[in-house]
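One chain, chain A, appears in both complexes that follow, with chain B as partner in the first and chain C in the second.
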Partner chain A sequence: MHKSLKKYFPIFVFPVLAAFAVSFLIPFAAGVYLSFTEFRTVDTSTWVGLDNYIRIFTEDETFLNALWLTVRFTFVSIISVNVIAFSLALLLTRGLKATGFFRTVFFMPNLIGGIVLGHIWSLIINGVLGFFGVDITYDPSYGFWGLVVLMNWQMIGYMMIIYIAGLQNIPDQIHEAASLDGASPAKTLFSITIPMVMPSVTICTFLTLANSFKLFDQNLALNGKSPDTSLLALDIYKTFYDHTGLRLAEWHGTGQAKAVIFFLLVAVIAFIQLRATGRKETEH
Partner chain B sequence: MKAKQKVFNVAVYTVLLLLTAVFLAPIFIILMNSVKGNFYISDEPFSLPLGEKFVSFDNFLKGFTQSDFLQAFMNSAIITVLSVAGIVVLTSMAAWYIVRVKNRLTKMLYYAFTFSMIVPFQMVMYTVTYLAFELDLNSIWGMVFLYVGFGSGLSVFMFSGFIRSIPAEIEEAAVIDGCDPIRTFFLIVFPILRPTAITVAIVDAMWIWNDYLLPYLILGSGRNRTLPVAVQMALTGGYGNKDMGALMAMLVLAIVPIIVFYLFCQKYIIRGVVAGAVKG
Partner chain C sequence: MAAIKFRNVVKSFDDGKVTVIPDLSLDIKDKEFVVLVGPSGCGKSTTLRMIAGLEEISGGELFIDDKKVNDVAPKDRDIAMVFQNYALYPHMNVYKNLAFALRLRKMPKKEIDEKVRWAASVLEIEPYLDRKPRALSGGQRQRVALGRAMVRNPKVFLLDEPLSNLDAKLRTEMRSQITMLHKRLQTTFVYVTHDQTEAMTMADRIVIMDKGVVRQFDTPQKLWSEPADMFVAGFIGSPGMNFIDCLIVRRGESLCAEFAGNRLRIPSAKVKMLEPYEGKNVVLGIRPEHISAYTGGINTRESCVITVKADIAEMTGGDVNVYFNLGESRCIARIGTEKKISAGDSVPLLFDGNSAHFFDKVTSKAIGI
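On to the complex of A and B.
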């Protein structure tokens, strides 16, 4: 195969490689370079070394706020999404009737796009807050908890499906043995069920982590108009596109430097995930 | 024991039904408001569309005509179908080449594709927009080209994983029988890749149909705008009074195709979305 296929590179690989170069390779390299420059547009950049990175942590006040908000949001989402999703999975693996119907319903919100989802919840949250004569922009904590509710609504069904698959992999005999030995339901849950689905817990934790950390569309649609509720991705977007005037080149440089830091944070998370899931697999 | 079990089951069903109501409520509220008069949507979002509040399908007519909704819908449909087809065919070909021809170049390409999966969009947001405009890719076809590029990381990764599990002997037999690599791929390899192709197609279709930022930056809010861009523009753009009724109708029309699609191919979607979970 190797010999005859080799000269077919232009047909098999080139089309994808061209698209990949235009949408990723070149923009990525240019992005790293531009984070060390100030630029009004890409073709007029001046090298400024680490100025942009220094500015993020000194002059710019939004980045650290956004980072802290993102960390808190991610933390709360991981806990609430996974606890609820796991509980639902436990209820739906007890051999009850109509579990297929419940799975269908709980999973459905996951397919609705972030922008539409954000506007649905914007109507609901502002409707509820309307009873008290305020709206979501009134207090940053409203925006924060609004995002948490939205994230739960979207992600619970997805994680539930993964937990159900994990729970169904536990052989029935193990539970039977536990109950013959007189283990209480709570003891069985914490000593047998949860340890047995640890691989699913790891996957779901990192999926919720990555999705919350990189959240953009929902944030834009729900909190686009309120200050102090921008997560990292939205903060980077605003740094690029919400500024005009003389200091535009500085803002662009700062935005690109923020994007590099954002990328590094995501890369670290991905690396830890790789280590965590890799280790779990070798244990089995 | 039996009676206790029964009480327990009733309790579980009650909890599940309550949760079903909670999960469906947001969709129900949007549906309800889409047939209510403008004035009642922002003032009484939770009241039923009864009596004078009920305006039948006026909002849907307005939603269709005012915002040129149909155009956005068609743009999204065309871009999604072409991009998904392009991604599935082109990346499976590339993945086969990368797995079967082992050299330094293909190894590097594999790592580059895999690496691109962990890079968040914001990293290339500004530069890819600039490059797309420089290369005149700010069109429907240009958008498809960019989606093939953005989708290539995950799908090359998924196809490669599957191809590695297929023994190369089958393909080699075809070559001995006089098949050239192109025919070998489409007649023998591609049919075997079907399960992965379905997964890739579903994951990418959901992503592209719902994607907002890339089409907004590349195609803007003009004639070529996609559905999520049209929704975002209608709900946040402009000043003065917004036609809330038309907006609710737009939200419903944006959700309906997804739910219909979901109900028809639920099995594949759930399997596909979960398999796509590798995209960290």
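On to the complex of A and C.
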């Protein structure tokens, strides 16, 4: 059985491998190649070596600002989303009344698309700021915190569900043993509960990190017009589409180079994070 | 080291809609090894958890060492508990599992180390101190769970079916280890099990529970020889006691029990207590061990020979369990292997009247106890 399966292994793997190659590997490789070229369309590219990468750090004024903003935004989002989601998960696993209702309510924002969400929050935030005679573009910090609020509103429910699953996986008797051992609720939380939900922490941190770093549509809809509050993904988009005229091919290449740097950053940070939190995981 | 007293304790769930323990009064002495035993759902684990403080008491009073503990938090009761599924902290190694409670008490590191190593050496788990629980076998995990309780030197040791996840051989081994541990620690042990062999072999006294009610609280010997009612008589012993409906009649000078066309003379010691039942139906209880194969030897006045048709003959090693019907009662006899018996054989059996028990048919209580 095992042997005959091995024999036909290439036949079974081929369709998936072909689809993966056509839809991901080839475009990815083409993307990396294009970052070293100037192009208007993908088949009219001219090799320029590292020019695009050099231009990002010399001529382009927005990339470093967007990178720094993205790093700050990701850092704040990871902490706020996970702390609030975990706290809600703790509350909603205490057997309180209407737990099911609240779980559904908290999860619902996740079902709304990013563009719609961005517009809804843009209306809300601008509505509030309107009382003070300003809007979200008035100060970059407004846009930043608006994005943080939006991200939290959207992600908390999803992360909460993952934490609830993790918490429910801890046998009640472990907590009972801790209380008999003399552990206070706070001590139980930090010495028993959190170490035992490390698999959930790993996946939630990874998801928040990746989603925050890649945030695009919410950013576009909420404060896309403000030049100071573009995160990396939006900045790449603007590099591509906000330039016109003779140097269009150059900026296309530059946008592509930014996308490659963006990919490397996300991959490296996610890898480090998975290694760091994964090490603290324990099977139980 | 502590005595535990239950005074009319009630435990109910769902705002009093479901009562699992209606009225429990129990005195467990200091340093005693008490086993709570009974069928599933009888309230034995709930009773143990009430001692631990893991279940609130709905009514009545619970005392540990003459101190009322109804509202005392588990951590302040100075008790340790060993759980059925061990409940070890999976992210800590064995050493840290054992040391956790001591660290919480802010005990000096040196003292913690001494206690952990002492417990580890007593339980023979020293080589595993650096291992995480998942790298241990069931028996080793159970020993770690015992060690975690030992290092604290608690007033009361609670054990909730600690051996039920182990295989038969390991269970026997651990049983004797726990008994030795009790002798060594000189602490009150309260042990929950549904296995009567564990109860009989380990306990100083056994609490037999059924539907939240204590049926009998006595020494293993007394439970065996003087069961308070049919439930206890049927629960203790494997196979359980045979129950046969019989009529108490006087034949000449003697009082006899008549059943399925047979007659058993009532032993003189039991005549007085059965006289009020003359002409009435009672239940005759006789253990399978007290029915033997009749080989034609001397038949005493208080025994009778009944020839039965064996339906099933089960070889158990040293004995054979013979199943047969007597009137409407299904009975089992445990007899020696000297004579080969097969299903369908007619077997003459000797019923030992001196070992017979009699129960009131209405109340199911033992007559004369």
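Just so it is clear, the second predicted complex is superposed on the first by the 242 of 284 C-alpha atoms of A that agree within 3 Å, B and C clash if a C-alpha of one lies under 4 Å from a C-alpha of the other, contacts with A are read in each partner's own complex, and residues count from 1 in each chain.
Note that contacts are C-beta pairs under 8 Å (C-beta built on N, C-alpha and C of every residue); 3 or more make two chains touch, one makes a residue touch a chain.
Every value quoted in this text rests on a predicted model; they were computed, and no experiment measured them.
A.B. asks: Under the stated touch criterion, which partner chain does A:24 make contact with: chain B (first), chain C (second), both, or neither?
C.D. replies: In the superposed model, A:24 contacts chain B only, not chain C.
A.B. asks: Which of the two partners, first being chain B and second being chain C, lies in contact with A:182: first, second, both, or neither?
C.D. replies: second
A.B. asks: Pick one for A:140: touches chain B only (first), chain C only (second), both, or neither.
C.D. replies: Neither partner.
A.B. asks: Check whether A:171 is in contact with chain B, with chain C, with both or with neither, and answer first, second, both or neither.
C.D. replies: A:171 contacts chain C only, not chain B.
A.B. asks: Does chain B (first) or chain C (second) touch A:199, or do both, or does neither?
C.D. replies: In the superposition, A:199 contacts neither chain B nor chain C.
A.B. asks: Which partner, once the models are overlaid, touches more of chain A's residues, chain C or chain B?
C.D. replies: B
A.B. asks: Using the superposition described at the top, list the residues of chain A that contact chain B and also contact chain C.
C.D. replies: Touching chain B in the first complex and chain C in the second, no residue of chain A appears in both lists.
A.B. asks: Can you check the complex and tell me which residues of chain C touch chain A?
C.D. replies: 52-54, 73-75, 79-81, 83-85, 87-91, 100-101, 104-105, 132, 134, 148, 152
A.B. asks: For a test of understanding, state which residues of chain A touch chain B in their complex under the given definition.
C.D. replies: Counting only chain A, the residues touching chain B are 1-2, 4-6, 8-9, 11-13, 15-17, 19-28, 30-31, 34, 41-42, 88, 91-92, 94, 96, 102-116, 119-124, 126-127, 130, 153, 157-158, 161-162, 165, 203, 206-207, 210, 214, 216-217, 220-221, 224-225, 232-233, 236-237, 240, 252, 255-256, 258-260, 262-263, 266-267, 269-270, 273.
A.B. asks: Enumerate the contact residues on chain A facing chain C in the complex.
C.D. replies: Spelled out, the residues of chain A in touch with chain C are 171, 173-174, 176-184, 187, 191-192, 195-196, 198, 280, 282-284.
A.B. asks: So in the complex, which bits of chain B are touching chain A?
C.D. replies: These residues of chain B touch chain A: 9, 12-13, 15-16, 19-20, 23-24, 26-27, 29-30, 33, 41-43, 45-46, 90-91, 93-94, 96-98, 100-102, 109, 112-113, 116, 118-128, 130-132, 135, 137, 145-146, 148-150, 152-153, 156, 168, 171-172, 175, 180-182, 185, 206, 209-213, 228, 231-232, 235-236, 247-248, 251, 254-255, 258-259, 262-263, 266, 269-270, 273-274, 277, 280.
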